[in-house]
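Across the two complexes that follow, subunit A remains constant while its partner is subunit B and subsequently subunit C.
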Partner chain A sequence: MLTIIKHRKLWATCMLGLFLALSVMLPLVSTMALAEEAQPQAAAAAAVEKGKDVYYKTEGPVSGAGWTEMNENSYPSYSLPYPLSENRVIIWVLAQQHLYFGSFVLAVPIFCMVIELVGLLTRDKVMAKKYDHLAYSFVKISLTAYSVTAILGGLLLFSFITFYPAFFSYIAGLFRPVMHIYALLFLAESGTLYIYYYGWDKMNHGLLKWVHATMGVLLNVFGSVLMMLANSWAAFMMSPAGVDEKGRFLGNMWHLLHTALWNPINVHRIIGNMVFGGGVVGAYAAYKFLSAKTDEDRAYYDWMGYISMFLAVGSLIPLPFAGYWLMREVYGYRQQMGITLMGGLLAWLFIIQAVLIGALFFATDYYLFAGMDRMKGAERYAKSIKYVLFLTAAAFLVWLTPHTLIITPQELKAMGGQQHPVVGNFGVMSAKNGAVNTMLMTTIIAFIIYQRANKQITVKWATWGNAAIVAMFTVALVNNWWVAIYGYYIPANVRVGLSVPQVMGTLTCLFVGTGINIAMMRGAKDMGPVLWGKISVRSQYALFVLGVSFTWLMGLMGYIRSSVRLFWHVMEIGRDNSPWAFTHTIGFAANVMTFNVVLFWTLTLFVFWLGEIGTKVAKAAHAPAHQPAIAGGSK
Partner chain B sequence: MTQSQLAITFFIMSSFVMWLGYMIPKARTMLVSVGFFVLASAAFNGFSNWLPQVEGIPPPKPVDCSNPKEKAAHPEECNKNVMTMSVAERADMGEAIIFGKVGGSAERGIGKGQCPLCHTFKKGDIGDRAPNLIGVTTRAAERIKDPRYLKPDTIQTESFKGSGRATNAEEYIAESHSCPSCYVVAGFGVKGTNDRESPMPVIHKPTTSLSIDEQIAVDTWIFVNDGAEPPSPEVIKAAYEKFIPESDRPKLAVAAGPTGDPCDVNAEKKIACATDTPDQIVTKMGCAACHKIPDISFAHTGAIGPLLIEGANAPGRIKSPEYLAAMKAGKAHATSPKEYIIESIMDPSAFIVQGFEPISPGGKSMMPPDFATKFTYAAVSKLADFLLTQTADKAIKAGLERHPMEKAEKLLKKAEVDLPMRSVQSNPAVEGAIAAQSTVVAQR
Partner chain C sequence: MATFWRPGMMPIQLLLTIGVTFLIFVIGHTFIKKTFGRGLPMLAQGALTWLAAFTIFKFVISPPIPSSLLYIYMGLITLVIGLFISANEVSWTESKKPIVDTLIGATPLHRGVRAVAFIALPLGFGWGTYTSIAPPKNFPEPPELRTVHPAPPQAIKVQDKQFTLQTSKNPFRVDVKGEYLDVGKEKEFFASNPFDPNAEGYVKYVKEGGEVFFRNCHFCHGDNLDGRGMFAFAFRPIPANLADPGTIAQLQETFVFWRISKGGMNAPREINPWDSAMPPWEEHLKIDDIWKVALFEYWHTEFFPRTWD
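Here is the complex of A and B:
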């Protein structure tokens, strides 16, 4: 033991080497496994029946059993009261909880890795320590959640085996080697996480700190590959490939993994996880802020909440683009599937998404404006806040106005149709695009105001800089509204293209506008320190709203993605013949989602509470020593 | 539990938890946080429950009529012969496949064929995703002479090896259904493929899986819609057999027979079944969202449709001049109160109660039109019997009032004689309508 302690650098390097080797070995092992599978097939090629890949259209040897048509007996269930009498509801709850916790434990290491690296690269030692402590706090939160994820994963697996035995047998038969690799990766990730967490203090200096940071990278590599493998099963169910029309495996494992929707789902989920992780950590910080007993704790958790909100909203920006790519690929794979989503049975669910996104923007803007209370000098901007909020509110109202209203016959007669003659115009896509871009721009304006709240700009070109920012936003907003109005006068297929100049305007404001603002902050005079902890209690509830909205959004979009298969287990290959093959109403789905959200947050608050016990013990060792600076601003 | 009850429950629950938090200082943060999370979730839940509630019902399982056992189980469907139908019958069948029901083209419904998801069928309509099919029978004859057709540069140039290409309009349509990428109309290809690949699915394969018989009916409707003389079913069949290899020809997708399950009718899982109680049926079908029903405690708030005291309403309504006019017009067929109730549920537009008419003349009832695909006959019969027991006295006792739009009905204050329960003599027209609708392919 003493030898290990004496030569800890050496041992740490060896351990890292071992994990790196393991990470390289895993794909190798998998390749070997697949090669072994292919050998007998190749040997008997002449006698083997050939099949045509449903997606790649290539020919391959039939290498496994096909889909077996199921009947009602293929779905053994308990005699539970409705809705638990439907196996899928139990699976739904378990899968959603597993995904919530799984997303959280995948996202937090990403933040951890980034913050630890920022700490390592920061020259200010006090700030470096602060970032390091923040990263440590993040990973600590995820540790208990990691166990919960594993338990829920086990429950989900057993439920699949017992409730959907025939379906699971088919999927397991296809993905057999992938499932083994998945299990091995899980082991590797667990080992890395435990060393990463428990070795934090021991590996806190010199080379070992870099080894530790590298392990953070490794942890994320394991986590991401793990998630991608699990995604391949869901993607296969939506857009099968690597099998023939009867669902028989054709010997090419890459085709099975690399289905039409696999990569878009991977990218969308990684970004979505980061948004969600930021939301959960933000809610954690808010919870800790509300329960803090000292000013020091309040200051620390206020800062943590701000960083988390910043990470969540920052990650939210690329998410619509990933979503657009996913939807484009959905349309490319099966146009009917896309129409079912955006213009058919599931279209109303996107109205709920709109409301959730609106809530996110509101909560973010409110939090940023509330945060200005802690900055001296922010009162200069108090006048402009109401205009920004007015624009956000107006855009939000347009954003959530439905096209078709549910009304009584009396109202119908009075209104002259299901679309209101004036307000009904806001229900169409043209108005929605204008509204969402307006909300995005007002949020960027809120952030720019926040950045300069306690700063006195000193650069010589301040007037030109301000003029450039004002001109940029004015042009972008006018262009956005003009394009939105113009969209009413042209056909839908041409109108789709109009979203490009709108988004370009918003992105220009985001990158160039904030870029100019950050440049203007150089050498800016502080009008007073940021008084972390001096923020209203109400603002912390805005962080809760962010957390709940992200959770709801994730549950909703997951439901949409899954239910677009309609009555298919595996799209166009394996039909769902269970008694509950129909698609539930929005209300039913919303009730299950609400249950999932409440259950998740109850469990998460329990996890926070557990973490609190540990915090009390470790507090002395990791006490914050210095007021942190605003992220995104100059020190 | 109704939507409003659910929302109130959430609100009370969250308020209670937060109040508890203020009472117990040590657990304040935890309880207030939980309460707030419940409240915020409930707000989103309430909004979601306020939106239109539609269920997606899967289409019937395909039945193999070449299998003697299945043929014996489904004699009506398997013995239905598209080859011997009149042109009008074939066209009606085609319209039902495309638009969900006969007459569905007027309201652009979506049937099993799912064609209107992308195509349009009326002159002047703009097809954003796929060509407008009006005039296709004329264009088809020209397309097959197009150099792009004769020398195709697409990902697939023949439906299958040796199938050959289309030589007439009907074959062109059959080829488009069987091999959409064999010719892609300019501008309608998959983005980025330069019109080398069509986004259209192969119609005889999943998810559409139309049989050749069904495609014969669809093509007949397309010709009729164009005002053209449709080819004979034999000619259409031959066209499809040219482009669909024997092994790929799908089975006829018709409703399967009873399996002993009270919810299973024609292999289609119904939602309201013979074993359900009236309360359960009302819950499953969401009647309480629009109607008030005295004996059902959770159905006391619906403010969209008439008060369902059918013991008082139905006998009067079938004798009303409006109903008699609807009968004369061939829309309504009920001869007894029970038949009237069943007809109102299964075919809501057959007769619309005065005060609830649609704004446009000849428009449809606001009531969901797809209950026929959700009820077993036993269930709708049970619900009708139950609704006949609902009287004005019961409504008064339950503190319910008529909907303000029910101008033609008596006020509840007036005493009225309950209609005695009676067994309903079967009415072939109503039963026929129900049987026909219950076999209509359920739509998503």
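Here is the complex of A and C:
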């Protein structure tokens, strides 16, 4: 042990080398496994039956058993009262909880990595220490959640094996090597995480700190690949590839993984996880703020809440575009699935989604406005709140108008038809694109106002800078609205293409607008420091709203993505012949989602509490000795 | 109010109405502040905003919007007003003061208001509960969640011929040389005269589709394809408004082909097949005629079918 401590740099470098080697070896192992499978196939090529890939339309040797038609006896269940008599409800709850915790433990290391790197690159030693401590706080929260994720994963696996033996046998037969790689990656991730956490203090200086930060990067690589492999199973069920029409594997593992929806789901989930992770940590900070006994603690957790909110909302901005891409690919794969999702059976769940997304934007704006209360000079911008809220509300009004209306026969008669001539036009994609981009831009405006709330801008070109920002937002908004209107008069594929300039306008406002704003604040006169901890209690509930809305959204969209298969286990290959092969009512689905949200937050509170046991908070370290300035924000 | 709304401009008119009302509020309030030295109390501003929004959504929009949508809109407005008045400490303190004063009975006037409120509120809730659960006099039918666009099947069989809806193409969407006309390129023919005796390709088929339409479909779907044909109001709901950007413009051409072929009675349950009187036209028309009608509908409305490439 003494030798290890003495030569810790050497040991750390060796460990890093070991993990790097492992990360390089994994693809090799997988390639070898696939090659082993391919050899006997190649040898017997002449005798092997050929099949045609349902998606890639390529021919390949039939290399496995196909889908076996199931009957109601294929789904052994317990004699439990409804709804637990349905195996799928138990799987639903377990899978959702596993996904919640999995997302959390995948997202938090991303934040840790970023914050640790920010700390490393910060010249101000006090601030560097603060960032480092914050990153450590984040990983501490996720550590217990990691164990819970593993336990829930085990429960989910056993439930699949016992409740859906035939189905699981089929999927495991197809993805056998992938599942082994998954298990190896899990080991690698666990090892990295524990060294990352427990080595934090030991590896806190010089080269070792960089080694530690590199391990943070490795941790994220392992976690992301792990998630992508798990995604491939879900994507295969929705849009199978690599098999023939009887579900028989055709020898090409890449086709099996790289289905039509795999990459859109990967991108959407990585970004979604980050949003979710930020939301949960933000809620943790709000919980700690509300229960804090001292001003120092309140200041620290106020700052932590702000950074979490910033990370969550920063990740939220590209999420609609990733979602748009996913839905485009879903429609492209099967219009039947696209219409079921957005125009048919599940369309009203998308309205609930719209409401929750609106809640996110409003909560963010509200938090920023409330946060301005702790800055001297912010009262200059108080009158702008109503304009931001008005624009957000008008856009939200368009955003949540449903295409399919709930309507009484009398109202239908008064309207004269199913489509309302005034608001019916808001129900389609062109209007929604315009609305969501408007809401994004108003949130960016709220952030710009927040950044300059306690600053007296002194640069000579302030007038030009302000004019540039105003002009940029005006042009972007007018362009966005014009494209939204023009979208009604052009073919759908052109309209989809035109969403690019809308997005570019929004992103330009985000990066160039905030960039100009940050540049304008160089040498700006402070009208007073940010009084961390002096934020209103109401603002902390906005952080709770963010966290809970993200949780609800994840449960909702996960259900929608899964249930769009309707009566298929594997789309158009393996039919669901269970006694409960029907789509639940919207009300029932909403109740289960809500149950999942409540269960997750109850478990999360338990995790937070566990994280507190035995931890003596070093209050001195928490004290905001120097006012933080994250993301170009106000000092 | 109905005369205010211009077809084609209605959504913009609504948003402009909301925007102008907001600006009138802001300008009016600034004027009051300058004239009287102080603005309206925050709660009064909130109440006025709420009433203005309610007036627009309930009485200005014509035809009236369904009550479910009205609840959603007013819920949103209520939320936004709540956020506005509590966004900073000054307005929050000002807004809650009259409420807190009433609750603690700060003055005799507040005590009076509190007494009235404490009597009126339970009565109001009681009345609301009673009216929401009491059987109404005329027993109206309950609200319906009818899906306007049901999800189509992967493939259909029409007159013993199999069509995969994801990939099938309208065989009459062709130019004069008989080559397939990609969606969007037909725009150049929108102004063409289908009655030109020399018309070829796309325009010729549009004309033939129009003939089929006016022989069979226009009685219900109307001359302008707006779902207001001479028989339309014998049905409830009235036939689909094909000229609305929320219908055929959102769908693949094969979707339209499917719905025409199979009609209402063979539609999925989510569309409430019993709410549609459309016959399964595959029993009355040739496959070619159905494709031509689809072609005509897009030509007439100047919409483009949805594509994914």
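Worth a mention:
What we mean here is this: the second predicted complex is superposed on the first by the 549 of 635 C-alpha atoms of A that agree within 3 Å, B and C clash if a C-alpha of one lies under 4 Å from a C-alpha of the other, contacts with A are read in each partner's own complex, and residues count from 1 in each chain.
Note that in this section a contact is a pair of C-beta atoms (placed from the backbone, for glycine too) under 8 Å apart; a residue touches a chain by one contact, two chains touch by 3 or more.
The structure displayed is predicted, hence computed values, not measured ones.
After overlaying the two complexes on the shared chain, residue contacts for A:E59 are found with neither subunit B nor subunit C.
In the superposed model, A:D124 lies in contact with neither subunit B nor subunit C.
When the shared chain is aligned, subunit B and subunit C each come close enough to touch A:E572.
By the document's definition of touching, of the two partners only subunit B reaches A:N591; subunit C does not.
In the superposition on chain A, A:Q335 makes contact with both subunit B and subunit C. By the document's definition of touching, both partners, subunit B and subunit C, reach A:G344. In the superposition on chain A, A:D295 makes contact with neither subunit B nor subunit C.
In the superposition on chain A, A:V428 makes contact with subunit C only, while subunit B stays out of contact range.
Of the two partner chains placed around the shared chain by superposition, subunit C is the only one that A:M372 touches, whereas subunit B remains out of contact. Looking at subunit A, you'll find residues 331-332, 334-336, 339-340, 343-345, 348, 402, 404, 406, 408-410, 412-413, 416-417, 491-493, 572 touch subunit B in one structure and subunit C in the other.
Here subunit A touches subunit C in the complex through residues 328, 331-332, 334-337, 339-340, 343-345, 347-348, 358, 362, 365-366, 369-370, 372-373, 379, 382, 385-386, 389-390, 392-394, 396-398, 400-431, 485, 488-494, 536, 538, 572, going by the rule given at the top.
Only residues 5, 7, 10-15, 18-19, 22, 26, 61-69, 72-73, 76-77, 79-80, 83-84, 86-92, 140-154, 165-166, 183-184, 227-228, 236-241, 244-247, 249-252, 255, 270, 302, 304-309 of subunit C touch subunit A when the two sit together in their complex. Across the complex, subunit A is touched by residues 3, 6, 10, 29-30, 32-34, 36-38, 40-42, 44-45, 47-59, 61, 110, 114, 117-118, 126, 128-129, 190-191, 199-201, 205-207, 261, 263, 269, 271, 286, 303-304, 355-359, 366, 404-405, 444 of subunit B.
On subunit A, the positions that touch subunit B within their shared complex are 72, 245, 287, 290-291, 331-332, 334-336, 339-340, 343-345, 348, 351-352, 355-356, 359, 402, 404, 406, 408-410, 412-413, 416-417, 491-493, 541, 544-545, 547-549, 552, 563, 566-568, 571-573, 575-577, 579, 581-587, 589-591, 593-594, 597-598, 601-602, 605, 609.
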